[in-house]
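Per-chain numbering from 1; labels A, B and C assigned in written order.
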Amino acid sequence: MSLIRIVELNKTFGNGIKALQSVSLEIEAGSFVVVLGPSGAGKSTLLRCINRLEIPGSGTVSVAGEELNAANVRRVRSQVGMVFQQFNLVGRLNVMTNVLTGRLSHLSVFEGIASLGYLFGKTDCQIAREALERVGLAARAWDRADRLSGGEQQRVGIARALAQRPRVMLADEPVASLDPVTGDGIMNLLKEICVTDKLTVIVNLHQVSLARRFADRIVGMNSGRIVFDGSPRDLNSDALKTIYGEAIEHEYGVSAAEHSLPAGRLMAASPIPISLAQRVL
Amino acid sequence: MTSSISLRWPTRRGLPPLPFVVGIAALLAALSFSARVVELDLGKLAHSFVQLFVFAGNFFVTPDWAYLPDLFARMAETVGMALLATTIALFASVPLAVLAARNATPNIFVYRVARDFLSVVRALPELVWALVFVSAVGLGPLPGVMALSVVTIGFMGKLFAESIEVVDRKAVEGVKVVGARWFQLRIFAMLPQAMPDLIGTTMYIIDHNIRAAAILGIVGAGGIGFDMIESMHLFRFARLILITASIYVLVSLLDHISPWLREKVI
Amino acid sequence: MPPKEQGASLIPKKPQSRLWLWVALYFGLLWWIAVRLDITFENLLTSYPDLIEYLSRYGHPDFSDLHKYLGLMGQTIALALWGTFLAFIAALILAPFAARNLSPSKWCYRTSREILNFMRAMPDLVLTILFVAALGLGPLPGVLALGVHTAGFLGKFFSESMERVEPGIYEGLASTGAGFMQVVAFGGWPSVLREVAGQTLYIFDRNVRMASVLGLVGAGGIGMALHVSLQLFEYRQASALILVILATLIALDYASGWLRRKIA
């Protein structure tokens, strides 16, 4: 059974924009999925529906067999860590406290009350420290979060998510605010976490090259629909055009000759049912 | 059982940061010391809630509807006092503000004197001024208007002066270069630029003064506060409930109308 | 120079401004008010010489009871401290519910907003009169009145500060599964600490000013002494009291300015 099941998700915003249109997707445990697409394609909305930061108009999202609704939000979120483009750390607090907030949903009632006074137990402190060491920032544990560089802040964000001991890691444009070298480092870290900790990682990106290098599976979106679903090898110029439109060829200079596969043939990385309308060519 | 219950703070040593601890300690010390000075203790505090509850029961009487016309007259008097005082203050504070603005004042000595004068006049609460004026000229709205004007001059003068200080230098230079004299420079270059600020400030002050005028009556300086004290001393709860309600309505109206009006004018 | 056309002008006509009408109406209203209230220029002008004479009576302040006055001023400050403290606690509890982007439900938001507005509505002097009638003379009714009234202000300030925090900070915390209280504790208060400190200091300043007059209606402090001395025509005492109040308020102004700069 797949870890995440998304069935017929629809979301329309107040100003009439259809962010998601009949999106269905299944994600296996342990995979590294990249959601690719231009701005406004619905990538963010899709990701945020998985931890209910956005509430879909219709359709269901299930994580580990449990269907998400208003009642189990906190419980599901404790299993789903998220990393943001703007890092979303609490700047005034130190790095360690930021990572500790990842433990907040795992506390007992007594510990929960203590946390309101900024008190944490030994085990939670231990877990937070391990997460910080994992991302290589143990030395900065007591610095204020807003004193760190962009790349370091993102690592803290990842540490916070890791402290949750989650089963799923969501990353919404994690490297869009970072320079290419730092961004590479973050992507490497995410990939390593996926492989070593056997986490399911779903990343939103708009950089095609990163998607190619790191993804096990690429889901292409455009205008609220999934228009591509396959391995990086299948991402040829025609596929890119479907996702991004005509301009992409000029941007990335992709030609069919780069790939040994005949243009347009879809090879799914795993047996995922895709409706006829969504199959590329 | 292991010490899984050992809690610590997320700092290097596991203790809360020093300035924080010192601050809290100082605060607690100040509070406990003040509590004695103010004759405060928890028992009294708790008991007071009961007493308040009992007192509130007095208000459940039929309001004295016959009093309504007088009430409206008093409310009008209150608003009228505020408007008068603000206008008087307006005329006095504009020249004072020019003197108290660093870029418009004739010399630094005048500037210092003007600023200090405005500070002192502003420092005393309106009610204290009202007390003084009542003692001087007797009861009625006159001392109220005088007290309000004086304090308003202090506020307006300071705020206007600050508005004048931030006008665009280049625009002023432009007028100066054409040969404007001292007065012309201020009237035609500085004040017009500060005008939007002045209007906003004035509206804020009118709002504030209406609220203040409602209270000045407590010391006899006219307005609805006067009626309130009177009714209180005579235990006329039938009127008191109307007076209290009208004050509440006045303040709520101001809360809603002021921001709306400000947007319309600015 | 091109000849000017007969009757035509190169500059369009200035639009008719109705401002003058409004100004005229306003002054008409003022005139009517002044007449009704028996406040004419005559009154004002003739009062002023009397006033000057009257004010001269304050010329020689009598500081013989200074230690008593200072004690009263201390009581006034203590009153303000406790009033501000009570207001702070109440605002601490209510403010997160009154922040639109934090409040657990629309109902919570509306209700807490209304409660704060209600607390703010009655002027504290009016509240003091009522409380004195209920609880008797003394500083306690003053403390409660200040607490209730300024709780409304602080609550509004705090909640507005929390609404201005970047929404991403709250989202980041919510995404870990943190509950409402935890988001407030870790994302809300730390982010607005500086503003909160400034606002509380401002209210404390204001409360000291108010506390010095609350005595007029029986709530203890220096206001009571001032009222009594004026009623007994003891102008030299009164002026001493006024000077003590003045000096304290100005000193306090400087002190909180310093404190605010230290925090910033």
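Note that in this section contacts are C-beta pairs under 8 Å (C-beta built on N, C-alpha and C of every residue); 3 or more make two chains touch, one makes a residue touch a chain.
Being a predicted model, the structure only gives us computed values, none of them experimental.
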Arrangement of touching chains [line / ring / star / complete / other]: complete
Specify the chain with the shortest distance from its C-alpha centroid to the centroid of every protein C-alpha atom present. C
Larger contact count among B-C and A-B belongs to B-C
Could you tell me the distance, in whole angstrom, between the mean C-alpha positions of chain A and chain C? 49
Calculate how many whole Å lie between the centre of chain B and the centre of chain C, each centre taken as the average of the chain's C-alpha atoms. 5
Averaging over Cα atoms per chain, report the distance between chain A and chain B in Å. 53
Two or more partner chains touched - positions in chain A: 93, 97, 118
Shared interface positions of chain C, touching two or more other chains: none
Chain B: which residues touch two or more other chains? none
In the complex, go through chain C and note every residue touching chain A. 166, 168-169, 171-179, 181-182, 185-187, 190-191, 193
Which part of chain B faces chain A closely enough to touch in the complex? 3-12, 16
Complex interface listing, chain A residues touching chain C: 51, 53, 73-78, 80-82, 84, 86-93, 97, 101-102, 104-106, 112, 115-116, 118, 157, 160-161, 164
Which of the residues in chain C end up touching chain B in this complex? 29-30, 33-34, 36-39, 43-44, 47, 50-51, 54-55, 74-75, 77-79, 81-82, 85, 117, 121-123, 125-126, 129-131, 133-135, 138-141, 143-144, 209-210, 212-213, 216-217, 220, 226-227, 230, 233, 238, 242, 245-246, 249-250, 253
Which stretch or stretches of chain A touch chain B in the complex? 93-94, 96-97, 100, 111, 114, 118-123, 125, 142
